[in-house]
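Shared between the two complexes below is chain A, which pairs with chain B and chain C, respectively.
So, the complex of A and B:
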């Protein structure tokens, strides 16, 4: 029991939750109670959903020891295909399937470049970022495409009890499903083992390449969903789409305690990371800082997350917590 | 005046374990003090404290009568303490010379004085009598030579205190004798030497006195002159273990041929043929680098095969990956526990069940209860010293890490026909070694074929029924246990 308690307080998740609470308290005071107002909580929940999908996709990859910088581009391409197909008169679900398939192909491309051509992940996925962004431009002719579909717009804009956005509910369901996969299934376990030591895992009968393929495709599909949800809310697929937001996904995942080196982390941590990021951004707005500051602060937050990760890593290297 | 080193009431607390408890002893320059004890006794922990790598929870240590408190390894090195760790800490992409002088590169102007660097490094290499070029990248060296670079690195700092943590675990005889020659020179020069090893013979060869630890506590100390193997084992293990090899209950009923290898070839293995019957223990002897690891990796499909046949249970097989080999009933317990064995930042439980995750499925999910049973079984079978199966394997002592890997490959869910053990007793203490030998025999009695690789020739002779000797990727001879002697094997190994 005592050991369990100690393990809990030493865990990243504990530290992170504490950090989230501290941020909330500080900004609640600074914003004179505006942060936790009904309307503001609602808008935080709204913004959380997009990041959640990105963080799931990217987080799973990070845990397996990989990363993906193409998610912004892919997340722009997906909704563009979706809006294009709907404009062409296809029903929304057919359009969504086509969008998912086109994004899955991008993921497949990433996986092929990394696993068979042995390109460094960064380079391969940055290339894919431009390719997918470029195709999005080509499809739309460089313009935004309106997306007026009653079902999608309903999901994108309406809320349960006028409080909880449906997009948020969908995102949380997805997060829980992934958390269960990660903690309870063979596949989830394999992700963490391969992330921890790919060669040892291969020698123990696991299949690192197969896992990498599945996770690259999964990440691209998640980016597609993230982009589509946003597009459903604003009722247009924009050429800017999710460009650049791959970093938001990575920041949330790393803030959530998923280590850059792979092999550790979990979805609950990611959730806390997502909230830290979104509460922080929202709070900056509330206290009246311009969006330029927000951009700077996002970068700073990512740095802080990385430094924290590095320190934890060093600590782990140095045989865990030195006793006092 | 002679140098002196003294530990006073050293304690070290980790969450859940007292790794060291009230350790006090003293040693002097010009002497080799051996630290002995079972896996997890606290030997490495004590050396890490002295090296400034971790901080003790209690007690002090004095060098030349002066209390020291190193905040980090750099301080310790500057004060004349060098430790060669159990786990190699090389930078593989750098040259031998750069590794030897890492952190202490000779400077000229603003840059590195490359000429001096390589000249000095080569001088040390020659002093050790090794055939090695200071410019070679460490990644390209054999494990044995990498270990020697580690030793030369410590030596180059001209330390007052030099500590060896199981230095010979991955060395072959040639390097070991070079090492012992250097140690006796260091002794002449009046250095303080601490030496950790599980190999008894070595202790009697190099040590002057012995300190025995058990479960973090000081047990006893003695001069080598007064020590005997039995006495030491009793102090370490707390009981007698008798004549290990003579007491083995062996299997003598062989079944059909389980594995036949015909003319196997790849980059490192040349024209190898051998057969193993069910219930037979086949030993592979040879010098480090003879191609034994490469041979079994080829059988296990961890490396590519260019030509030749592998026949399992009468059927030719063509595995694409270790996954296929495991499915077909082959298990390979690898030699390098850090690179190829463990997932260091996952728990003991998760490490033991890696190859049998499919067997642990209950519906879509993993059966946690059954998984815990498998992990518990490994912990008990090999006496893994830990407070919980949730401990990360990186927090285990070297020997206990090795036991986790053994536990993984011999767990009761594996449907093994052929078990391959590559240096299974590396870093394992005497008591457990005897248990592992018996376990190998028991496994054979169940009708499983076993390939047993070891660089300690007596061990191969003691355990294996049939011994193949390898040299340069070829099999140079085959002996029955009754006819095998160390001399015969050595002759074949040198070919």
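So, the complex of A and C:
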């Protein structure tokens, strides 16, 4: 029992949850009780859903030892295609499938560049970011496209019991599905193995390239869904879209204990990371800081997350050496 | 002797690039009116300067196997600092020196994160992008910081000419020559190649990689800050969006020119050709009246092309190495 308790308090998840609680308490006091008001919790839940999808896609890739910096661009392209198709008169599910396919192609392009041309991941995906962002501009002619579809707008704006947004429910269902894939299926286990040691996993009979293809396409589709949810809420596909939010996904995932080098992490941690990020951003608004301070803080948070990840990794290495 | 020189020229990586540049220039020269006019050439030269100057520091980093994606934002910061200082009444040479020092501090932060904390260069510089970008907007209150006409002597630094050549272009070329000489002629320069080419071998040969990359990070940010102030001098103002595309442009140009993305290869000649090619291409696209959104797509495609060339070069280098080994 004692050992079990000890293990729990030593775990990353415990530290992160503690951090989340500390942040909530501090800002609850600073914002004079506005943070935990009914209306504000509702709006935090709303913004959590978009970031969740980004963090799932990005987190899975990070676990396998890759990154994708094109998610912002792809997440702008997807909803733009969606809104364009709906404006052209297609039913929403057909439009959504077309949007998902176009984003999947971007992911495929990333995977091809990384796996067959050996481009460094981050620079290949930066190139894809500007390609997809540019195509989004070309589709819309540089303007925002209105998206008026009863079904999508219902999902995007309505809430269960006037409290839990439907988008949040969808995001949580997706998170649980991915958590199960990661923990219970052979494919999920192999992702962590590939991230831990790609060469060893190849020798053990896994196919790292195939896994990386699936994860890149998956990340792009997740970005498309994230963008579409946002677009369904504000009823327009904007050219700014999700651009820049690839960092949000990475930050949330790393804050949630998914290591930058790959090989460790889980979806529960990611959820805590997502909440830390969103509560923090929301609280800064409540305290009355301009959005530019948020930009600065998002960079600082990413650095903090990275440094924390580095320290944990060093500890892990240290333990591995002393265990021998 | 003569034939071997001829062969070397034929075989060099630069020749196809020069050829492509000539083709690009000729194509736009024929298809668009006034592309090769003196005034347009001069404006192309001036627009080369931002990516060219950032490219100098960036190439040194790339050769040593590191990267700084925040360069463009450091340049923005540099421009804003200069403009604010001049506005506060400090004479511009002093303002310029302070800006360069501030740039060195920015590079120092990155060097600390990479070499002391042990983070990867690209992700820590990406985090710094948000930090600098936010700070730029906070400091300028999202408005232009104008440099008023009383300080007109500063303007010439951005757009003045000596004979036909614009002053910023001359500064860029001088920088390229100086750093080219450092790379080629000094012991320090050779060790930069070594760190980028083979880290383990460099360490065993007694090269202090951390020291070298720290110097290069600081150097890069200082040059970026200078580049940003030159842009401010040209536009007579500084704002938070002026130079943001600089880092990607510089990387594209350098890699396109043959500076290896994986470290250990490249020189300032490569960089110059790469910058010229990218700038002529972009300027030609603008002149031909294509929608500006295409340029965003083309920027990405150019980077992919550059990486493809790098991939092919790397393969042939590996091949040559394995043949030597046999």
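The rule is simple: the second predicted complex is superposed on the first by the 317 of 324 C-alpha atoms of A that agree within 3 Å, B and C clash if a C-alpha of one lies under 4 Å from a C-alpha of the other, contacts with A are read in each partner's own complex, and residues count from 1 in each chain.
Please note the rule applied: a contact is a pair of C-beta atoms (placed from the backbone, for glycine too) under 8 Å apart; a residue touches a chain by one contact, two chains touch by 3 or more.
Source: prediction; values computed, not measured.
J.: Based on the shared chain A superposition, would you classify chain B and chain C as clashing or fitting together?
T.: clash
J.: Applying the document's definition of touch, where does A:33 land relative to chain B and chain C: first, second, both, or neither?
T.: A:33 sits against neither chain B nor chain C.
J.: Who does A:205 touch here: chain B (first), chain C (second), both, or neither?
T.: first
J.: Going by the contact rule set out at the top, does A:302 touch chain B (first), chain C (second), both, or neither?
T.: second
J.: After lining up the shared chain so the two structures overlap, which partner does A:310 touch, if you call chain B first and chain C second: first, second, both or neither?
T.: In the superposition, A:310 touches chain C alone.
J.: Which partner reaches more residues of chain A, chain B or chain C?
T.: When the residues of chain A touched by each partner are counted, C comes out ahead.
J.: Touch test for A:91: chain B only (first), chain C only (second), both, or neither?
T.: So A:91 meets neither chain B nor chain C here.
J.: Figure out whether A:190 sits in contact with chain B (first) or chain C (second), or with both, or with neither.
T.: first
J.: After superposition on chain A, which segment of chain C among 2-10, 200-208 or 218-226 overlaps with chain B?
T.: 200-208
J.: Starting from the residues of chain A touching chain B, keep only those that also touch chain C in the other complex, and list them.
T.: Of chain A, no residue contacts chain B in one complex and chain C in the other.
J.: Quick one: in the complex, what on chain C touches chain A?
T.: 69, 113, 117-120, 122-124, 126-135, 137-138, 142, 248, 251, 261-262, 291, 293-301, 303-304, 307-308, 311, 314
J.: Enumerate the contact residues on chain A facing chain B in the complex.
T.: The touching residues are 3, 6-7, 10, 184-186, 189-190, 192-193, 196-197, 199-207, 263-264, 316, 318-324.
J.: Where on chain B does chain A make contact in their complex?
T.: Those residues of chain B that touch chain A are 12-16, 48, 53-55, 57, 300, 302, 321-323, 326-327, 332, 334, 339-346, 350, 354-355, 357-358, 360-361, 364-366, 387-388, 390, 392, 394-395, 408.
J.: Where on chain A does chain C make contact in their complex?
T.: Residues 67, 69, 113, 117-120, 122-124, 126-135, 137-138, 142, 247, 250, 260, 290, 292-300, 302-303, 306-307, 310 of chain A touch chain C in their complex.
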